[in-house]
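Take a look at these structures.
In what comes next, chain A is part of two complexes: it sits with chain B in the first one and with chain C in the second one.
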Partner chain A sequence: MASNSSASDSPDRIKTLRAKIASELPNVDFVLGYGRGFDPLHATPVTVRTEKDLDRLIFDPTCVQNLATSLYGLRGKRLGVVVKGCDSRSIVQLLQERLWERENLVVFGLPCEGVIDLAKLRVTMDIASVKAVRFEGSVRDGKVVLTLPEGERELPSAGLLADKCLRCQHPNPLVSDHLIGPEIEPQGAQDTYADLAALEKLSTQERFDFWKRQMGRCIRCYACRNACPLCVCKHVCLADSREPHWLSAEATLQEKWLFQVMHALHLAGRCTECGECQRSCPMGIPILLLKRMMNRELKELFNYQAGVSLEAVPPLHTFLMEEDRIKDRGLLW
Partner chain B sequence: MRIGVMVCHAAREFPDVVFATDHMYACSDPGQGTIEQTIRSLKLDGVVVASCSPRMHEVTFRRAVERAGLNRYMFEMANIREHVAWISLDRKRNTEKATDLVRMAVEKLRHNRPLTAKSFEVQKRVLIIGAGVAGIQAALDCAEGGLDVILVERRQSIGGVMSKLDKTFPTVDCSVCVLGPKMVDVGQHPRITLLALSEVEELSGYVGNFEVKIRKKSAFVDWTKCTGCGACLEKCPSKKVRDSHNEGITTTTAITIPFPQAIPKRAAIDPAVCLHFTKGKCGVCKKVCPADAIDYDMQDEIVTEKVGAVIAATGLDLFDHRKCGEYGGGRYPDVITSLQYERMLSASGPTAGHIKRPSDGTEPKTVVFISCVGSRDRSVDRPYCSNFCCMYTAKQAILTRDHIPDSRAYVFYMDIRATGKGYEEFVRRAQEEYEVQYIRGRVAQIYPTTGEDGNQLMVRGADTLLGTQVEIKADLVVLAVGAESAHGAPALAEKLRISYDAYGFFLESHPKLRPVETNTVGVFLAGACQAPKDIPASVAQASAAAGKVLALLSKDKLESDPQIAQVQTMRCIGCGKCERTCPFGAIRMRELRDGSKRAEVVETVCQGCGICSVTCPVRAIQLAHFTDSQLLAEVNALCRTWDETTES
Partner chain C sequence: MPDLGRDYRIIGFLCNWCSYGGADAAGVARFNQPTDLRIIRVPCSGRVDPMFVAKALLSGADGVLVSGCHPRDCHYTEGNLYARRRLELLRRFLPIIGIDEGRFEYVWVSASEGSRWRDMVTKFTDKIHSLGHIPRMAETARTLCALEGMLGASSAQPDMWHADASGRQPRHDALLHMDDYKEVMDGE
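On to the complex of A and B.
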């Protein structure tokens, strides 16, 4: 099957990871890590309960999933979890909101150069026909070698990097008990919200039409919600509630759109932009834009970025008499 | 469900609406009678009235609905007066908006559920903040009415601004002689607990059951032992301390009793200037005190009191004239404020009633008064009229002529506002009997000059009636400084959860019909904390506030508002965000048998603000009478048109 090897996935590093996990196994119920999925391009979460399971662990640029997503549903257990830099922000946010207890969590942190976005590969080929994948050199300037029925094909791996990796400022996990591999310098560009700016160049009517088109395609599968590490109340989700009756079962544009707006608002000041919602959307709707819009506002209004500090309090979860950047009265003290 | 809609003289078909009518004045007796009759005859389940703002008449209609046998919350009001009729003349669009509002109200009512108020015990005690003349009057009235009063004053003595005044207008009677007896009454009344040198630290709770934390600042003198003999004052070696009671025109000691009539007449040390605290050397007062009352190790003390109501009577502070460069910006010693002049005029003041120029101690022969300094002046952000300066200026001019018969008094004014009883006559007397020269115009500049009597001030201004420039060589210039909200008033307002305007004055609930109430039930206003007021108006409002408190606390039990947050335990995920955001501490986490946590609302503490409801990610907290479903029904009613046209 797959024969994966690259700079970011050196045999040494996976060996260290396995050894570290083995050393923690007696202290945890199980460890969440990455294993090979149904084909060489897909990774899948695996649970490591015994030393037998260690061989299944992998780590390479196909390990796109944010394993923190599974955490909230497993509350009450003592877990280990394998995280990339970006995933660690979800962990920070969960801990900060007291949705998980630090002492019940062992974090195996893996500095990460980037992961690939299969959507970018899908436009150039039928990815189901890929027989094997090999990463050569670093993800940033190396190449990916794909074995296809007609022979091998090489692509520069930088072109396949997920958008979030292109603006990644936190390649090293912000919280970890075991840091595996050397820390790396952030290589992402400063986030200028160019995607939002492009959208905002459109007139109100054009933007309205854009979202009408996008939201009209939603099939209300809630994959975006289920993939979100911070959607912690999926089991009693408003989308399914009849009292309060926010959404009806009608498949109208209004209901679909309202759900996405609710999702974005509930994540205002919490979303770490892991991008799982958009990645999991089977219809390819750019819903991360809504969340990035909220994050940009939060950054401007409260100078706040979610999931980077354990001590911070999300600005919308607190009550201050006067905010620094909102001068509504200016009289107080 | 059967709903009736009544439009107060101003319909289409709405779901469940079985009856719609209009009426000339729905709030009138016959209007209410019609509502009651219709409810009975058509067996209605709820009523929508489309009329004015619910602020005034919601209570009226709820009562009418209740009289007809319905729950009072099965009523909705659409405001088609303030929100429609008063804001636009476009009849077509007005009708459309009014229809929308009625449709929203009907949809809301369809989702309403009967709510029942609970009752709770009240504390028959009142907290009064500030012991100027308003606070004193309110305290005495409440105490006479049988309530226990906690009177908090941040200064060392009660009395406020009035205790600093020499005479009052228009009767020219001695200010402290009128106030003194009331101050003594406060000190001696068995129902009044006086906490001087104290400040409100925190107020929690709700009407009938407030809990207040008061910081009793350390006086470094044990007031249970101090007799007010004043031996310490005589011996205190630091004698160069600014005397705030005398507005800084003289100095005092580090240990002081502010004035002879002070209540409580107890000494206090200012640690910022006392040599014992600054240099660690002196201990003279401790040695001389015959009662052994001095305690350098005394600490601030926090006392907690439970009260049923609060009256804010924090009064005013004066405009700082140093902001006005044209009057010297505080650089010329002989340009003084009206309150400094008042202290000079006072027989018990630092100059024993003799008017002396601060620069050389001589008696001034020409005194110029400038009114509206920090009033009606947008350039210093004080656009409002301070209400009483015209009158005290007339009084001070009269007193000047009284004290120094051969003197001349000039008043620069913008307009003379003398609207009170006997006020106009008083100003006339100043002009005619006392020959005070009134010049209508502003002063452009004051600068020092040398006259035949030594250093003088040239006051240059305009006389707009004559259309000329005037220049007056003055010995003394008195600035009629305007009123500002008391220092720290906004911070106190936040603690009391009451509103305040852009200048820090507290907002009344309704400018005409609820002038002493605030929008926080159980908190009332008295005196100049609401707006600049003279003594009669402050006293009147204080008695009004006391009357309101007495009426409120005359009942043994009060009804709680059922429009509060409710937790659906099944939906709650126990994340605790509501607990952390609630500004009233009305939510606590309760542990279930399986060890998991769920939020719980403390019903009597909840104010129904709804912050928890919007914080809750699961919407497990709903605000009764304003549930998501009720609000969504309104939004859906409003957005129906949008929905119909954009459906894909």
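On to the complex of A and C.
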């Protein structure tokens, strides 16, 4: 079983979390939190309905899921949800779009130093053979001790941090009813969009071929859509609709690619870069790049970041008579 | 006028109130215009979902032109102002997916600006011609056959597999599914 000894994941904090959830249990239908998954490296969402379930709750750097994803499907209930800083941005976005009512939501916010990206661990070892995990020190500069069949192995945990954590500016939940644990200073570097710059160095044709290779792996499972906290029209998704018939059932690259472009376009001004689409992709396609491109341009054009403020007006829901950053296309020629 | 009007597919989304009228005025004035543009009339440039453009470009259109009323002149007061934000974002997004941003343009043309419309269309068409055909996610059957040497020169239907004089690349849809297998092999 995994155990944690870093400051932010002290046993006190999980005790406080359990106590706070216990105090709210009479007011909610259930609370969504993290539990241990099928192995020590995986966490899984758990529902806490009674005090008996409280023991199942955990919180450590393996708690990668964005639990806000489950919210929209549970509308009409009164729920509690455990969120990290990044997940809270999804909540802000859901509230801003009035996809959930604030009074029916109890948010348990956990300031978070970072979570690990199993994809980064997978390249160094067979993660199925890991028997136990221990985090020592902070996730930022401590180490991960993995118990393998051949013995213990130590790795610096910084190298395993998810990319989004490396540029995290919001480690503390932006919306919460119960803040559990002390707030922490943002430790993420300023986002320079270096990943996009690398892609932009290529020629247009090379970029096109890059995506052709990447999308060749797509199996059209729609895990990216289902893991997205803001893909809320799953039951009437244009990918499935026959009328209008945007996408056919043909397994061609073109259909797969159009779906990804559609996902990015439908998340323009909404995506909080929680990274769930890319994390959930079983084929390892870097689809977050598309959303980051959109977000970078939104920031440049409208100085806007999604899921940061409840009061902000989404840039595509409004306009200025004279746009500061948009050159008048009609006058270019 | 150079070799315009052959083989290129340019889709134009024109607002009913200004640009469609402008294109009509250009026609009535008998301006000489390239013929590559296929016009789709929409109620307002605000009706143009960026997905229209994405779908057109990904389905093989070589260029897409969206045209609406000048800002402040919208028949519905503000449709083109919303459109401007959306289309600008789309224009900046296209390079990341490997589509030259020059293949998509949005312009403002009023109903009386027939000559302006002619200029816009001519310049845009010239630009698309200089960019060449859009790359396809799925290779055309002709390319596939040339690579695989599968069917070779079919004397029965020579123009089915070979470029004709204009360089047009014919497609055979029944063979398109094979592109995927080729992609997978290429990717490995």
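The rule is simple: the second predicted complex is superposed on the first by the 317 of 333 C-alpha atoms of A that agree within 3 Å, B and C clash if a C-alpha of one lies under 4 Å from a C-alpha of the other, contacts with A are read in each partner's own complex, and residues count from 1 in each chain.
Here is the rule we go by: contacts are C-beta pairs under 8 Å (C-beta built on N, C-alpha and C of every residue); 3 or more make two chains touch, one makes a residue touch a chain.
These numbers were taken from a predicted model, which means no experiment stands behind them.
In the superposition on chain A, A:253 makes contact with both chain B and chain C. After overlaying the two complexes on the shared chain, residue contacts for A:192 are found with neither chain B nor chain C.
By the touch criterion defined above, A:27 lies against neither chain B nor chain C after alignment on the C-alpha atoms of chain A. In the superposition on chain A, A:319 makes contact with both chain B and chain C. In the superposition on chain A, contact is made by A:210 with chain C only, not with chain B. Of the two partners, chain B and chain C, it is C that touches more residues of chain A.
In the superposed model, A:50 makes contact with neither chain B nor chain C. By the touch criterion defined above, A:264 lies against chain C but remains apart from chain B after alignment on the C-alpha atoms of chain A. Shared interface residues of chain A, touching chain B in one complex and chain C in the other, are 212, 216, 238, 246, 252-254, 316, 319, 321, 329, 333. Taken together, the chain A residues at the contact with chain B in this complex read 97-99, 212, 216, 232-233, 235-238, 241, 243-246, 252-254, 266, 316-319, 321, 329, 331-333. Residues 50-51, 54-55, 58-59, 70-72, 78, 81-82, 84-86, 88-90, 92-93, 95-100, 105-109, 119-120, 123, 135-138, 176-177, 179-180, 183-184, 186-187 of chain C are the ones that touch chain A when the two sit in their complex. Chain B meets chain A in the complex at residues 490-491, 494, 500, 502, 504, 568, 570-571, 573, 575-577, 580-581, 583, 611, 615, 617-620, 622, 627-629, 632, 643, 646-648.
On chain A, the positions that touch chain C within their shared complex are 196, 199-200, 204-213, 215-217, 238, 246, 250-254, 257-258, 261-262, 264-265, 268, 289-290, 293-294, 297-298, 301-302, 315-316, 319-321, 323, 326, 328-330, 333.
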